[in-house]
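Each of the next two complexes has chain A plus one more chain, namely chain B in the first and chain C in the second.
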Partner chain A sequence: MTSLPEEQSKTRLGLVIDLDICVGCHACAVNCKEWNSSGYHAPMTDKDPYGHDPLGVWFNRIHTFEETSEAGQRTVHFPKSCLHCEDAPCVTVCPTGASYKRSEDGIVLVDESKCIGCKLCSWACPYGAREFDDDAGVMKKCTLCVDRIYNENLDSETRLPACVSTCPASARHFGDFADPNSNVSKLVKERGGYDLMPEMKCSPTNKYLPPRPRRDEQAAVGSSPRRLEEAKPEGGFLGWIDDLLSE
Partner chain B sequence: MKDGTVRYIDGNPNHPVNKGVLCGKGSAGIMTLNSPARLTNPLRRVGPRGSGEFEEVSWEEAIETAKKWLQNIRSTDPRKLAFFTGRDQSQGLTSWWAQQFGTPNYAAHGGFCSVNMAAAGLYTIGSAFWEFGEPDWELTRFFMMFGVAEDHDSNPIKMGLGHLKTHGGKFVSVNPVRTGYSAIADEWIGITPGTDGLFVFALIHELLRAGKVDANYLSRYTNASWLVYDEPGTVDHGLFVRDPDGNPQCWDRETGELTNPLLNGSKPALKGNYMTPDNRTTKPAFVLLAERYLDAQYSPDAVAERTGVPAVTIKRLAVEIAEVAFEQEIEIDVPWVDWVGRHHSKMIGRPVSMHAMRGISAHSNGFHTCRAIHVLQILLGSIDVPGGMRYKAPYPKGLDSLPKPTGKREDVRPNTPLPGPHLGFVRSPEDLLVDAEGNPQRIDKAFSWDAPMSAHGLMHMVTTNAWQGDPFKIDTLFYYMANMAWNSAMNTTDTINMFTDKDDEGEYKIPHIIYSDAFYSEMVPYADLILPDTTYLERYDCISLLDRPICDADGAADSIRHPVVQPDRNVRPFQDVLIDLGARLGLEGLVNEDGTAKYPNGYKEYMVLHERKPGIGPLAGWRGADGSKIGCGEPNLDQLNKYIDNQCFWRHELDPDQRYFKNVNANYLNFAKNMGFVASSKPIILQVYAEELQTFRLAADGHGSIKVPEKNRDRIKNYFDPLPIWYPPFEDIIEGVDEYPMHAITQRPMAMYHSWGSQNAWLRQIHGENRLYISRERAGSLGLSDDEWAWVSSRNGRIKVQVRLMDGVNPNTVWTWNAIGKRSGAWNLKEGGREAKSSFLMNHLIDELLPEQPCGYRFTNSDPVTGQAAWYDLRVRVERADQTGPKETFPQFPPLAPKTKVSERVDISRFGESFRAGQGND
Partner chain C sequence: MHPAASIILFTTASGLGYGLLFVLGIAAACGLLPPNTLFGVLTIALALGTVSIGLLSSTFHLGHPERAWRAVTQWRSSWLSREGVLAILVYGPAFYFGAGWILFDQELYAWRAISFTLAVGAIATVFCTAMIYASLKSIPRWNNQWVSAVYLSLSLMTGALWFVAIWAFFFPVPTALTTILLVLIIVAYACKYCYWRYIENAPVVSTAESATGLGSKGKTRLLEPPHTGRNYLLEEMGYKVARKHANKLRVICMFSAFGVPIACYVFIYFADGYYVTVLAVTAAVLGQVGVTIERWLFFAEAEHVVMLYYGKDQIHG
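Up next, the complex of A and B:
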């Protein structure tokens, strides 16, 4: 079994995902696959890519579902990738040390050279965030684009995870959760960012921002119906219009 | 790039449109570049059509074969060529080529895409949504989006919505389906398809009732004050009163006389009725407008049931719109000057904006509904003002800057170019392309009485009309990048049969078919000659101001592509082939005086040297011999290098005082004239009342020398109203419609591009099959549960599908993703895959023709004004199928697997493996 770092790292890198503005376009998922196809875990193998049941490795998948609550019904686009947990069961369950959490920045990685493909980690992960490449026989996963965020061949503004960099709606944010003044810490504070499935006690680093309250008929229920007041009746048909004309 | 191979496609942060982001399709470009469906060689058919039996031929032989067919046509009757292209980012070249050839039969795909949006916009505000307009994302506070819109302008809209919501603006989505953008709307209005016009009229009704309109804006910048003759039965009833110089007239509130409303100092009246000096009765257009929409039939209560939108909601939305428009007025401290020299110290804005695309467009009432949305924006004073809907260069354009259609009988002569462009904007019946009896002159019947304002042609009617020989027979059908034997055709099953149908002599009814595509689509096996194109990463392209550019509201821009890799197979860019073919045919403009080819180096040479008018060419940047001019200037031999040095685009930012009120802004209009965007710097007055439409109605009433054919007369009278009208979509009023109680629509998933996405190894993992989505309530009453099989019937046939239940859909509507269904074996996918067996096209249910008229004639299933294909008018019946039947969708067709060589199909893709050794970015 593999140990987690003994102390919480001074830097805790992760993502904030804004469910208020994610439109479910899959841009992040595909750019992730594209970047990682030549990255740390390359290749992102696709089995039977043109056949009946194509099955590929994706580190980031978008789930779309409908939800009904007191506030009414909504359609939710829910992107999901490794949440780089503080208490990562995928690490502690690993028999070889292949699955590990970096002490310097909290990123959870798999060292393929040590991976024996036993899949215990994918069973242990409550989020289903691990991806087994059965062609290579090893487990793969989101690296938070570790080969991008520290890559000095790239412009400093490009040193972001591919999913964050490409998101058209700006629904994805990257930063250091250990720093209370970072962009991600502030967003979590301002918008009530929450843990996914806290009952699993994994202390995920990534946070989700809940959708903002709707401003629709359902929200208006209880207040009195609103309607524009009639324009003044004097002056015949359209009698009001001259009052509006200033020239 | 890594060792000559594309490794990663990234967004460019400096690019004016995408600003560094990429959509899913863009990121998956590598898999399109490596698609197994890529054609590898020119092909000539040897077996029967549809058999897929081809022989490989050399490019020389392929082009000479095409030349032989086309030369014969050109020297005898150019009408016998029909050239239609699905891809229109090369329309600048293809349209000009067709013009040089001399055939009247040319258009791109706009007729079955969104011509309603283009035409309604151009005739109303001199511009249109999307390509030529965008919401003021920075400043808008209330944004209303109508209909399916995920498929156009997608990254800017995603960026805009993200910004709008993050900054507290309200986003209302009016859409029968709550997916995609609608999912994040502050308010989702699940309207019944085809009733958006009524919803908009009810909003207008409320605003007028309350006097919540921008009267000064209406008076200055629109034709609301222009006087209209109000004398039914007279020859000029419904036309504008004009002075002897043709200027419109208004009633001046101060002088009590008729005057030109466009002059400085005039005080136009917006109410009342007035007698002209020669005793004619007139009213300002605004009075006609107010009379119409204040009528009780457009009150929220009256439209609630039909639209499916509660009256209380409509009334509240009207309140919210009025509050944002008139109580959250924006002032920008930028002085500007209007067309008569009036100085304005500020730019005043009303931060309400709207956007609409195919959900409005693809109905037979879409032209008028789109006009209604623009009229709503105009009444609020929110066109091209801070916070409103903004123009994008080269628009706005007045009708005087837009061509009329060319292609009358006398314009078409052997071995002679057409004297003007095919597509244009008619002003009156005189501009129609019809003969003395009123018969159409184009194979698609565009610009005829069937669809007078068909500014983009009717590509969806070409196969049917060519097969029927109506209005005439053709010899060669030439399609480019349009899957007309599958998802781009209405009535797909019958359309396939038209390609193979033979006459009594055993000859194909459509004698020759030439097709150019990069991929083995469903259309390929039905062509006689295949000209294989490259992918977009292997060729030059220009995204031109002459076509559909990349401008934004603050700047004019265009861009190029240049090849990043060379093709690994015997294919050529279609533009190069077209230029070569044109030169071999000796087309004017493509050969020098001595007959030699003018652009022997193909499209990249044409992009630089071609001049449409003196000084105006495909690219606007770095013109002039030394590259110092923009817009207008002599060709610059170094132009492409300048583009490449500047990351492949050119952009000119407008001065702050040119950025709003462009239609009436002297500094902007002068700039636009110098750039060649507009013919003059005259103001472009917003047309709440479209006089052009009335000229057709007068002809239908028997006025003037041009006679409307009997069969068209009522349509013209009914649908050429100069003010926006609403009528039920045609399928709603067809006899027997009660048997088909539900509306059926499609939408394009954000991660797919029409049929092209399914050949992409990554994208087909996202959308590999489609279902028919239906409301839980309706499914419950039909006894259907998730993934069960159902029959869906229309008056045109039936399909068998699997259903998926959902909450966020209008209860009278079913829908599915477009173009996921594939014919087995096409696109070099394995036979019998899920795109073929568990996916489907809705197209089989949609007739391209309306039922027979009493006279036996069948009109196109299109908007009667513009000819826009009415895909979304479809009415269906859904029934639970016998669940023990075959577990596959119906209809199924014989597999189309390529019998000639296409690109390699791998069973396992380890793309990227070779890059892994060298970590890091090159």
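Up next, the complex of A and C:
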């Protein structure tokens, strides 16, 4: 049923992405591809993967932006995957019931056996979270690794989305936003986590943490270069050398 | 947005067909349809033919056409599903109407009531088509009230143009009918003109800053894209039409869809005999060509906010 759940779920699973410490290594995207190539939405089709014009399905992509403000310029690496919105427009536009939001944990999924491949959900998503698989003829998207996070065959500490478990900088956090004491809720509160494109009124579950303000403007790359210290602060031997070499 | 041929064919052909069914339904409900079997067969064949070709072509771009029947299940939330449900339901009154006109006594009140239902169903289907696009917040150029006005008025216009084009082969065209056609064409032009005015002057809806949350007091620009090759999003949403071509195509569209048909119908006031038929057919054919260009532009000129993640600065309504 592509109507959204009538009540907000008691658990709202999602990600917090810390733009302050993401180093843009693309490991999350690679591990996402690796896991999901054999997971719920497998395969993540690649066309011409080793040729000149490859085209493939990815659930997670890392953009890099340059932010210019009064404090100067800075490079911000910006991973983007499905935000598992509360008011997910990709769900309500679906004519077949293939696209749905789970009432138990808020994860947005596609039932591939019902998808007719009309692509309307990908048009409705402002964030570009859905990618069409030309080969399978169905829409694919991030599952929040639903086949990992509840997987009892895995150790409890590895029951995390693939992108979160692989991030070498711990820039990605997974948790329950409905619980005010969860790690993700605390991070959002402490660091001012925000929504992407709030004007689209999708109420995304995933939140982004802004880059922290710079601690020392002088230390920033691009500020005025350090000078050599004065060679003759108070005369003496060094002063004599300085005089000698200055002639 | 990528202007897919199958969707352009679907929206223009089914627009014609439902517009024609609306005209036929209203005329029948008012008791104005002449009891001429061949005229009936031709108009109904054109209407149901274009509607059916349109519906079939809309399934061509599906990844799984064999599952298309599932698309009628989610009418509670999805405009696409509502369109599918109505499109199928309208065949019922359409066949009853056609059979009544061609085969049976058309003066029954039940037949007139069914014809009126057909008219309502036909125009409601076009409204659902328009709302598929108009309900998408992510494509601000479609997310406005002019979209449904344009779809409805162009559907009525093309349906009526073809109605008169066939009519002219059988009967003289009354002055009142010519006037109605002129009004329909001018209303359609006014709606399209307002749409173009709207998208020229619409405010900025989203920016690279709102999309990333960065640069609240400054600017944000894409430094490196996430990949060096193509991807689905860029192919589907990243279609770009050069401004100068868009402007030229708008001029061609205006002449073909509205200018020539208006001129034709002004001449029809003064013409008679075969000239009327030639003018009416010319107006219908060029009107249809113009509407096809209009629909291509409707897709090609629309911008999706996801392009803010791929180097666009801002997206206007």
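Keep in mind that, in the parts below, the second predicted complex is superposed on the first by the 214 of 247 C-alpha atoms of A that agree within 3 Å, B and C clash if a C-alpha of one lies under 4 Å from a C-alpha of the other, contacts with A are read in each partner's own complex, and residues count from 1 in each chain.
Operating definition for what follows: a contact is a pair of C-beta atoms (placed from the backbone, for glycine too) under 8 Å apart; a residue touches a chain by one contact, two chains touch by 3 or more.
Remember, it's a predicted structure, so these values are computed and weren't measured experimentally.
Within the superposed three-chain model, A:54 lies in touch with chain B and with chain C [touch as defined at top].
After overlaying the two complexes on the shared chain, residue contacts for A:210 are found with chain C alone; chain B is out of touch.
By the touch criterion defined above, A:181 lies against neither chain B nor chain C after alignment on the C-alpha atoms of chain A. Of the two partner chains, chain B is the only one touched by A:46; chain C is not. In the superposition on chain A, A:239 contacts chain B only, with no contact to chain C. Using the contact criterion defined above for the overlaid structures, shared-chain residue A:92 touches chain C, although it does not reach chain B. In the superposition on chain A, contact of A:66 is made with both chain B and chain C.
Of the two partner chains placed around the shared chain by superposition, neither chain B nor chain C is touched by A:156. Applying the stated contact rule after C-alpha superposition, one finds that A:76 touches each of chain B and chain C.
Within chain A, the residues touching chain B in one complex and chain C in the other are 29, 53-56, 58, 64, 66, 68, 75-76, 211. Contact residues on chain B toward chain A in their complex (touch as defined above): 2, 7-11, 13, 18, 20-28, 30, 36, 154-155, 158-159, 161-163, 165-166, 170, 178-184, 186-188, 206-207, 209-216, 219-220, 253, 267, 269-271, 286-287, 290-291, 310, 312-313, 315-316, 318-319, 322, 750-751, 759, 761-766, 768, 806-808, 828-830, 832-834, 905-913, 915-916, 919-922.
In the complex of the two chains, the chain A residues touching chain C come out as 1-4, 19, 29, 53-58, 61-70, 75-76, 78, 80, 89, 91-98, 114-120, 122-128, 131-134, 136-139, 194-201, 208, 210-211. Within the complex, the chain A residues that touch chain B are 20-27, 29-31, 33-40, 42-56, 58, 64, 66, 68, 73-77, 135, 147, 151, 153-154, 157-158, 165-171, 211-212, 214-217, 220, 225-232, 236-242, 244-247. Remark: chain C residues 1, 61-65, 67-68, 70-74, 76-81, 84, 132, 135-139, 205-206, 208, 210-227, 229-233, 236-237, 304-306, 308-310 touch chain A in the complex.
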